[in-house]
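To keep things simple, chains are lettered A, B, C and D as they appear, and every chain counts its residues starting from 1.
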Amino acid sequence: MQIKPYERTAFYYETDQMGIIHHSNYIRWLEEARIDFMAKRGLSYDELERSGILIPVLGVSCDYRSSVVYNEAVIITVKVTSFTGIKFTAAYEITGKEDGRRKASASSKHCFVDRNWNPVKLKKMYPKIYEIFENALGEA
Amino acid sequence: MQIKPYERTAFYYETDQMGIIHHSNYIRWLEEARIDFMAKRGLSYDELERSGILIPVLGVSCDYRSSVVYNEAVIITVKVTSFTGIKFTAAYEITGKEDGRRKASASSKHCFVDRNWNPVKLKKMYPKIYEIFENALGEA
Amino acid sequence: MQIKPYERTAFYYETDQMGIIHHSNYIRWLEEARIDFMAKRGLSYDELERSGILIPVLGVSCDYRSSVVYNEAVIITVKVTSFTGIKFTAAYEITGKEDGRRKASASSKHCFVDRNWNPVKLKKMYPKIYEIFENALGEA
Amino acid sequence: MQIKPYERTAFYYETDQMGIIHHSNYIRWLEEARIDFMAKRGLSYDELERSGILIPVLGVSCDYRSSVVYNEAVIITVKVTSFTGIKFTAAYEITGKEDGRRKASASSKHCFVDRNWNPVKLKKMYPKIYEIFENALGEA
């Protein structure tokens, strides 16, 4: 089964006076794409948080290859590239929908914590979520 | 006693491709100025929230008179123009520090609520905070 | 003909520590909805800017009626409530897609300028754009 | 001579519903700190852009070590860790002013381009700017 990647069109307020999308917004787009990726695999981040699991960002890295301009549509693919049951890493490719150009390559690292910021071991406590990440890792 | 108004220099990421500060950022500056105004009168918004009082925004209005550009410093004056013990209204003037030009005139409406979003009557429950707002109203 | 209003789901990074969408983001949503409104009537803001017409914001006003939370979908209707050929005013209603609740009522004022920020008289110089706004005013 | 590092207090609108500063804002803080670093060494980014030199971001990386909360002051040190005359890399440490804790370690890569996005060779065309970066590299 092919799951559709995330698509996003750049907003006007995301531009800067260089006439391109400000680089900090890509980091926000990664979050959008990551949450969309989880949702399409049955994991609502919304419900996750309400059930007491937070997924903070431990690190983020982004290489900017070509500019995105206002109103340009980009496609963001997400892959889970590592998963330990306590942490995971995601890799992203941002590509122009029209021009097919690589816009950026990125990655982010995350852990699972409870409301007191204690680590959550998914396998034991949330086997269903564990399985979803295991499967996502298998897709990569 | 003259209390110094809030001063702020526009950041690069606040510009848009018109080459000016995007109008939505002024709304954020109002929040900065409002919180600074309270802090200078002895009310830490931080502590307020921790003690269980939230001050949500009921409404905001801003007239943009002349552009602010990147790296331009503005001075934001705040006045409490009405206060009922349950709600208050603030008025703002944003002025260029260098050119002395009026950049924007704005206002915002707020109420005081507890963590369950129930109204808080300051006079009875938090007389000290009530007094600070009463005094601020007197300054206007 | 019924033209579909703008729909938007709140992003995680638009929340604040009150647990709701920060009020400043609504001002950005208005821009998204306004640009979408124009696009659906044949006016690409992107092309407009490239052809030398800017539509700066002269004023904005927003009454917040109930909170929007993370991942909540809202529908934003736009009406052109006045149009002089040089300026226009838009009115907005933001409504929860699920709960049907009114989230916010807003308005914004705009003018048409060229790249040197001189007023543009649409009727004479850009009759087609003039007509689109005239028609949009008629819808209201 | 000791040049003071950049200091910044987290704004309310930079928080998210986890109750901490959203990670994307750190990327914006790096820009603030980098521009401040250049300004303190005689390079106004504002003037640089007006004279036709842009410094786009080629890549950014940030490891988040401990949370920053609303109203918390952080100190951001910047070092130029490589400089070729065409590109440079900067490294950053974000530290809590009060608690002295390491909040984040980051780096960013940049190049110098003209308004047509053609590379600018600083040594030949802008020897004074070249020298400033050479000296900054020496500080590291």
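Keep in mind that, in the parts below, contacts are C-beta pairs under 8 Å (C-beta built on N, C-alpha and C of every residue); 3 or more make two chains touch, one makes a residue touch a chain.
Model, not experiment: these values are computed from the prediction.
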> Comparing centres built from CA atoms, which chain ends up most distant from chain D?
Replying inline: C
> If you tally the C-beta contacts, which comes out ahead, B-C or B-D?
Replying inline: B-C
> What whole-Å value do you get for the distance between chain C and chain D if each is reduced to the mean of its CA atoms?
Replying inline: 34
> What whole-number Å value describes the gap between the mean CA coordinates of chain B and chain C?
Replying inline: 25
>> Measuring centre to centre with CA averages, how many angstrom lie between chain B and chain D?
In response: 29
> Mind pulling the chain B residues that touch 2 or more other chains?
Replying inline: 12-13, 17-18, 20, 24, 28, 31, 49, 70
>> Can you tell me which positions in chain A touch chain B when the two form their complex?
In response: 12-13, 15-20, 22, 24, 70
> Within the complex, which stretch of chain C touches chain A?
Replying inline: 11-13, 28, 31-32, 35, 44-46, 49, 70-71
> For chain B, which residues are in contact with chain C within the complex?
Replying inline: 17-18, 20, 23-25, 27-28, 31, 49, 54, 56-64, 67
